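Two complexes are shown next, each including chain A; its partner changes from chain B in the first to chain C in the second.
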Partner chain A sequence: MSVEVRNITKRFGKFVALDNVSLRVNSGELVALLGPSGSGKTTLLRIIAGLEFPDPGSAQVLFYNEDVTNLPASQRKAGFAFQHYALFRHMTVFENVAFGLRVRPRDKRPAEPEIRSRVAKLLQLVQLEPLAQRFPSQLSGGQRQRVALARALAVEPKVLLLDEPFGALDAQVRKELRRWLRRLHDEIHVTTLFVTHDQEEALEVADRVAIMREGRIEQMGTPEEIYEHPASPFILNFLGNVNLFQGRIHEGRVVIGGAEFQATNHVGESNSGAVAYVRPHDIRLTRERTGQSSLAARILRVNAAGPVVQVELERLDDHSQFGVQLSKEFSRQLNPQAGEQVFVELQNLRVFAEDYSI
Partner chain B sequence: MAGPAISRLNRTVTARHATHDPAWVQWTLTAVALLFLTLFLFVPLAAVFTEAFRRGIGPYFDAFRNPDAISAIQLTLTTATIAVPLNLVFGVAASWAIAKFNFPGKSLLITLIDLPFAVSPVISGLIYVLLFGAQGWFGPWLAEHDIRIIFAVPGIVLATIFVTFPFVARELIPLMQSQGNDDEYAAITLGASGWQTFWRVTLPNIKWGLFYGVILCNARAMGEFGAVSVVSGHIRGQTNTMPLHIEILYNEYNFVAAFAVASLLALLALVTLALKTWIEWKNPAAHGAEA
Partner chain C sequence: MSAFTFKEQNPLPGFRLTLGFAVLYLGLIVLVPLSAAFLKTATMTWPAFWSAVASPRVLASYRISFGAALLAAAINAVFGLLVAWVLVRYRFPFKKLVDAMVDLPFALPTAVAGIALAAIYSKNGWIGRWLEPLGIKAAFSELGILIALTFISLPFVVRTVQPVLEDLESELEEAAVSLGASRWQAFRRVLLPPLYPPLLTGFALAFARALGEYGSVVFIAGNMPMRTEITPLLIITKLEQYDYQGATAIAVVMLTASFALLLVINLLQKWSQQRTRG
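Right after this comes the complex of A and B.
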């Protein structure tokens, strides 16, 4: 019950939306397609649904190992949820969910009592039973998207495709709904691919994440793999704040300013320019110099609002700026003040050759 | 303590909305608008009914017993019955194509749909005379096959269709464009065929806009004078529509009958207005302005 695409290329005029993309979603898996806008993730989703067609060539779309590349959308049985829900505004919630069953050819259409019981079950699943007779305009955004999901599930889709399903909702509802989606998926185990530009959402909900950039999949893996072993500076940047330190690679270690650090990822032996990426929570502040691996810096600003304390610093040697996150507890011990000089120790450095563009 | 509190209070009292004009400006503008409406709409409308009933109820209804009047009313109804459904189908098809697809020549099609609004109705009629008249391009061929278009019912219907064809499409194109394609895509992914998608999703989404376009189209089809006048030939009892019949009666100084028939057209206009208001009240999104 897997879904797979092979060698998908799609151009819109001169713009290359997808550049030879291949992707496999295993049976029952929940995979997030993550990327900035214009990276091709929605186009890929629409090609899988059959709403868009790949450029001719060796492109293939497979549902359960069966080639559906030339099958029209109406025969693919891919459930699709849109960012703006696309509910039928003249139908009640009940009729929206029943739509996929009612448009079946007569010989495959379930009888009316069967339709009623199936719709009721789905509405129960998305916790909207009491609202069955409401119209979409009488529902909140979160409720509308749940109706859209129930509608897509009604046709027993081979795959569920969600295009920025929570994109039009405010932050609080987004969080609730993505946890709900995860629980729903654990309950029904339908193979699901969902598009998002929100890295937090992708890392929290998905079994695996595919990060897209300029029409290609840059890296695919479990959220942990991707967060711990990002394949490129782009992914590092995309997954959250990161500080850049210019340096040189020297015998497998990286030299920044006067200090030497061990890199977390593999570094070439060559004596070349490099950029080290360090997350704000991977930097330690001390008042005393601790051996070789520390840089001198001056504190510019301390912001203690929020769950962690944010400290902005400036290096004394090249005056480049960077940010550090301290736990509240550590911050109370150290009590950093704006204007004072401290030493920083870098940990978990990820080093990439200098010409690698973001 | 009291000082700041009082000054704050004063400020609240004198605070005015940024777009709020002084009372005299509001009153003047309203008065000008009302005066204009009275002069150009209410007075003529009242005049139509006053003139029609000048000699009482009897002569008013006599005007409709005249065979020529009956024939004119019948012809107008026939013309509208043919032109409106055709333009409905054409309008839906054209707006569907324009709003949902990209194709070469799309902007040309949009321009063409607007053409009847841009061209004087008399010219529209003349084009048909040039094409189908005795001296026209297809004239000899038509004469050979004994087909009459100009100075006959087909010419009137053709001219009416031409003049009224933008109404439905103009109403639907912006509505369909604002609604986008997602509903249709959703229906298709749920297994609906193209036909099912149209009847169950697209049509219900546009029904109020469509109805609105149709009543406007109908009002114009029944009231069209210029284009029809050129192609009709004014043959009494045969090729006179209501507006043409009114003109003839008026030119013959038969004022009561002229205004009696005119009052029928005026009633049609009032009914159209009432329906239009009802649609707008029923569904604010129907006339393009998204609620």
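Right after this comes the complex of A and C.
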């Protein structure tokens, strides 16, 4: 039981928006399509909705084992919410939500009292009941997106497709709304696929995340899997700040400067150039050298504003720069000062062969 | 006093100056000539006025003038919307050229338009010769008047609807379709309602323009009393007979009627705008 696409390719002229993409969203799952702009995530969503058609070939779109590849959007029952809401501005909130029910053919259209009670229930679900008679122009951005969601849910969609649903909102409202979306999903369990370019949003809200890059799905997994075991430097970089250290792979270990480290992922025995990626919070600062696995560096800047302390450093050997995050508590003990020399210990190194560029 | 003093410090400076100029301008250009017509008419006695404005020949001309102008505006509301739709929604070769052609009826001297239309639609004309066997007499008939009025009032609806249509995102249509609406339902329920206000504006402008049209109509109408004689022609005829009072009397009736009609259309527009606020 799932919503599935197989072998989807889509070209716009010479630009390949999607390159043989397959994706499966299990029934009741909330999946995020994450990627930078131009990675093809919106195009994939539109193809699932039937607003765009894949290049002819072996492409298939399946809703619960039913092939809908050639069905027009109006017959797919895929609820779609747009980044800019696309509310009907000449209709009240109530009429916007009722639209999907009112346009049904007469024999399938619910009676007026039923339409009223269903719309009222949906408005209650999105917490907008008191605003039923307002027009979209009288609502805030967050309220508009909730109306758009209720409108999409009114047709009892087989899958809910959200295109950057919080993209046009400011940071505060965004955070509130995505938590609300998660709670809503836990309540109604509609199969949902949502597109975002915000990794924090994807990791926080989704059951599983598919990361897209240049028309392909680069990795798919639970937020934890993806964060802990990123499949490529691109994903590492995309999921948050990361430091790069040039080194060599030697007998399964990584040699950086004069120090040797154990890599978290499997690197093999090959004696070749490599790049180690280390997250800022996986670097420890010490005043004394602690054996084989530490590098000497000089502190450039310390910024203590915020929940963690950010320290910028420069290696003494090759003068490359990197950043470290310290907890407030640890920083208070160590009391790092700009200009002083310290030693750094790298942990959780992810090593990729050198030609693998971001 | 207090009704004329606005906030002490208006954030938009120059209110008095601009309002003063606007009133002076409207007064000189619109109000003074029009009130002259009313003043001239006021010198008539009631029976004289009545016989001037309500003789059978004049009444027949009202019918044809108002009827043809309303019909021409209605035709343009439908087909002007279609032209605007095509110009906004599709890309095709020579689109800019087609777009520019819409304004031609504005630029062409109306007499030229009238002569050209008369030539084309007359018995031996390019189009008229095909209509004649079908029993349709296009030139020198009521239909000829309608053709001329439709021609000269074409740009109004296109130009008022076009910008509003450009503002309607295609996402609205997509949203409607993904909710299960057919193409027709999407058009009828989602795209058309926001277009009512500009359609009404275009309709009103086209109607006003068609009602006052003289130059092109006289060449194609045939100007038969009681049948194809438009009111502006009657006014000119009276002027040529030095019946200034009679001419202004008819003008006053026409003015009052068209003002009332335009007022109704404006109210309709306001009402539809309130319904489609956004």
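Points to keep in mind about this one:
FYI, the second predicted complex is superposed on the first by the 357 of 358 C-alpha atoms of A that agree within 3 Å, B and C clash if a C-alpha of one lies under 4 Å from a C-alpha of the other, contacts with A are read in each partner's own complex, and residues count from 1 in each chain.
To be clear about the criterion, a residue touches a chain if its C-beta (ideal position, glycine included) is under 8 Å from a C-beta of that chain, and two chains touch if they have at least 3 such contacts.
Everything quoted here is computed from the prediction, not taken from an experiment.
Steric overlap between chain B and chain C is present once the structures are superposed on chain A. When the shared chain is aligned, no partner comes close enough to touch A:Gly35: not chain B, not chain C. In the superposition on chain A, no contact is made by A:Pro230 with either chain B or chain C. Applying the stated contact rule after C-alpha superposition, one finds that A:Phe88 touches each of chain B and chain C.
Applying the stated contact rule after C-alpha superposition, one finds that A:Arg104 touches each of chain B and chain C. Of the two partner chains placed by the overlay, neither chain B nor chain C lies in contact with A:Gly323. Once the two complexes are overlaid on the shared chain, A:Pro136 sits against chain C while remaining clear of chain B.
Contacts of chain A with chain B, set against its contacts with chain C after fitting on chain A, overlap at residues 49-51, 72-80, 82, 84, 86-90, 99-100, 103-104, 148, 151-152, 154-155. Here chain A touches chain B in the complex through residues 49-51, 72-80, 82, 84, 86-90, 99-100, 103-104, 148, 151-152, 154-155, going by the rule given at the top.
On chain C, the positions that touch chain A within their shared complex are 169, 171-172, 174-182, 185, 189-190, 193-194, 275-278. Every residue of chain B that touches chain A in the complex is listed here, in rising order: 182-183, 185-193, 196, 200-201, 204-205.
Every residue of chain A that touches chain C in the complex is listed here, in rising order: 49-51, 72-80, 82, 84, 86-90, 99-100, 103-104, 135-137, 148, 151-152, 154-155.
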